[in-house]
């Protein structure tokens, strides 16, 4: 079976006129366009020739359908299993018509072998109509632009440029944690000590201030030996950023994140007064 | 809060939201009964488009703010490329899932008559279709349904915005090139055919 | 483009932009001279605030759209609900639950040194913490644990990605002792109690 569905979809631009010169048929032109599958092809043949879908001339349609398959092969589009299966179905229906049947005058002559196919075609046609409708909706809505908002910007400190999202920070944290996984000091070797968020916050803030200027995010964790400490340091950083004590900047998407100490406007104001 | 104030309040919330908002969410934030919020939101939808370049759209059971289509070109120039349009195959598949949800891949393929693995995967990747448990029965196949994002993407307020059986019949009959064929066939027969009628892949010949 | 149209166009651009825009950027997107853009933007700044809940502000070198201060409270309430970031109290509580799960509210409060009813409720509302049965013993208090959503939020694959779990689990065993110690010790010590309690198993003074 074909993996991606329509074997000819890569060829939407291909327009090729082919003459169907069937025995009794008038010359019929079909354009090889983008068909979604065998049902699409059959519907096209029926609707284009304005045939009665409830009384499909099965021999004629079968011949045209087979011609279409030959055409696909001729232009090297390949014919997917579904198309072959439909060909077999059509030929089976056709063969049933060739079998001797009771006189046509009899009203209850049993199911028409075309019924199942007709039902599927009509049903498919409705969904195709809905698909067209959805396409119209899509076109209309592509003209409308919604905002892509980072939800919580209200109390973040003003960040000069290249704002850092929490996702960026978490990605960075994961990188650091992965490093720990591979080869930093084993956890058992860690001297046990109390760590509080507050302690960590003042430590981190001091570190950035002492660094002077923009401190790379990864450098913030150079001294953290365990996952606990790294997570703590990270939470402390988030807090410092939230409180407007530190600013995070990123020059490029997925690039290094830099931290710098923010001036403290409130305190300065107080001092001024 | 006056109705006018309420309208402004709703605008504020829609502005800071990253997706459509329902009356309930807004009523909580604005501390105002849901019905009043819904009424004021409807005012915004009906607002004269010359008032603002930003319009409020009723979508996915709520409301969202979008730029006016009038400036699509300018906005596109500014924002850059959007995601690609959906293929015909994707639209077809969505149509089938939308009307039959939750449904299986086999059911989709039965209607389309072609393998739909890749198309379905693409729709899931784009967040328009999602898994919805498994169907009881042999093989317990995965069920699929359309998402909230599906409604937003097509600007639909709910699935009920899609045409029902009768509307669809009418649409098909109206297509000029089909008039003749439809008239020739029995219209009663056609009307009886269920739109929502998907059978598991029957043993084909 | 009329001045009115231009105003609407500017609104569209400011709406989709995630920061202030200058006249030059907008003039390129709107294909209109800079001076005209600047004039129309100034119109928007001067606009009667009753027209819309969203106002245009002149900021360094350009303009930006913000919600009207009139609705600051409602917006804060809304954004707060949806906030991506957690409050400090929430982070602390979450860390304690993560390391000690399942654990009771009393255990959380012991570590934090403050009442945590509201915080816990908030975390449950946000889907980061959930109930996990009841603890055997007096009062059969409710137990809490972190959710799948918690892992997603912090980008963790599993709880095993959290540091030093074994160590922390061991600590839970002597929580009751420590509670007594805390009761005797006073609130100052409680307030200083570590978020992630890595300390000798021996009881503190």
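For clarity, chains are labelled A, B and C in written order, and residue numbers in each chain start from 1.
As a convention for this text, contacts are C-beta pairs under 8 Å (C-beta built on N, C-alpha and C of every residue); 3 or more make two chains touch, one makes a residue touch a chain.
In this text, all values refer to a predicted model and were calculated from it rather than measured experimentally.
Asks: Which chain's mean C-alpha position is nearest the mean C-alpha position of the whole protein set?
Replies: It is chain A that sits nearest the middle.
Asks: Relative to chain B, which chain's C-alpha centre is the most remote?
Replies: The chain farthest from chain B, judged by C-alpha centres, is C.
Asks: Counting only Cα atoms for the centres, state how far chain B is from chain C in Å.
Replies: Result: the chain centres lie 32 Å from each other.
Asks: On a C-alpha centroid basis, what's the spacing between chain A and chain B, in Å?
Replies: 16
Asks: Round to the nearest whole Å and give the separation of the Cα centres of chain A and chain C.
Replies: That gives a centre separation of 29 Å.
Asks: Residues of chain B touching 2+ other chains?
Replies: 15-17, 65, 67-68, 75, 79
Asks: For chain A, what residues touch not just one other chain but two or more?
Replies: Residues 145, 147-151 of chain A touch two or more partner chains.
Asks: Taking the touch rule as given, give the residues of chain A at its contact with chain C in the complex, in rising order.
Replies: 145, 147-152, 154, 163, 166, 170-171, 173-174, 177, 187, 190, 192-197, 226-232, 235, 238-239, 242
Asks: Per the contact definition, I'd like the list of chain B residues that touch chain A in the complex.
Replies: 15-19, 55, 57, 64-69, 72, 75, 79, 82, 85-89, 91-92, 94-96, 98-99, 111-119, 152-156, 162-163, 168, 171-172, 177-178, 180-181, 184-186, 189-190, 193-195, 197, 204-205
Asks: Could you please specify the touching residues of chain C with respect to chain A in the complex?
Replies: Residue list for chain C touching chain A: 12, 15-16, 18, 75-76, 79, 82-85, 88, 91-92, 95, 154-155, 161-164, 167, 192-200.
Asks: Quick check: in the complex, which residue numbers of chain C touch chain B?
Replies: Counting only chain C, the residues touching chain B are 4-5, 7-13, 15-17, 25, 28-31, 50-54, 65, 67-68, 70-71, 74-75, 77-79, 81-82.
Asks: Applying the document's contact rule, which stretches of chain A touch chain B when the two form their complex?
Replies: Spelled out, the residues of chain A in touch with chain B are 1-6, 9, 34, 36-40, 46-47, 50-55, 80, 82, 85-86, 88-89, 92, 119-120, 122-135, 137-138, 140-151.
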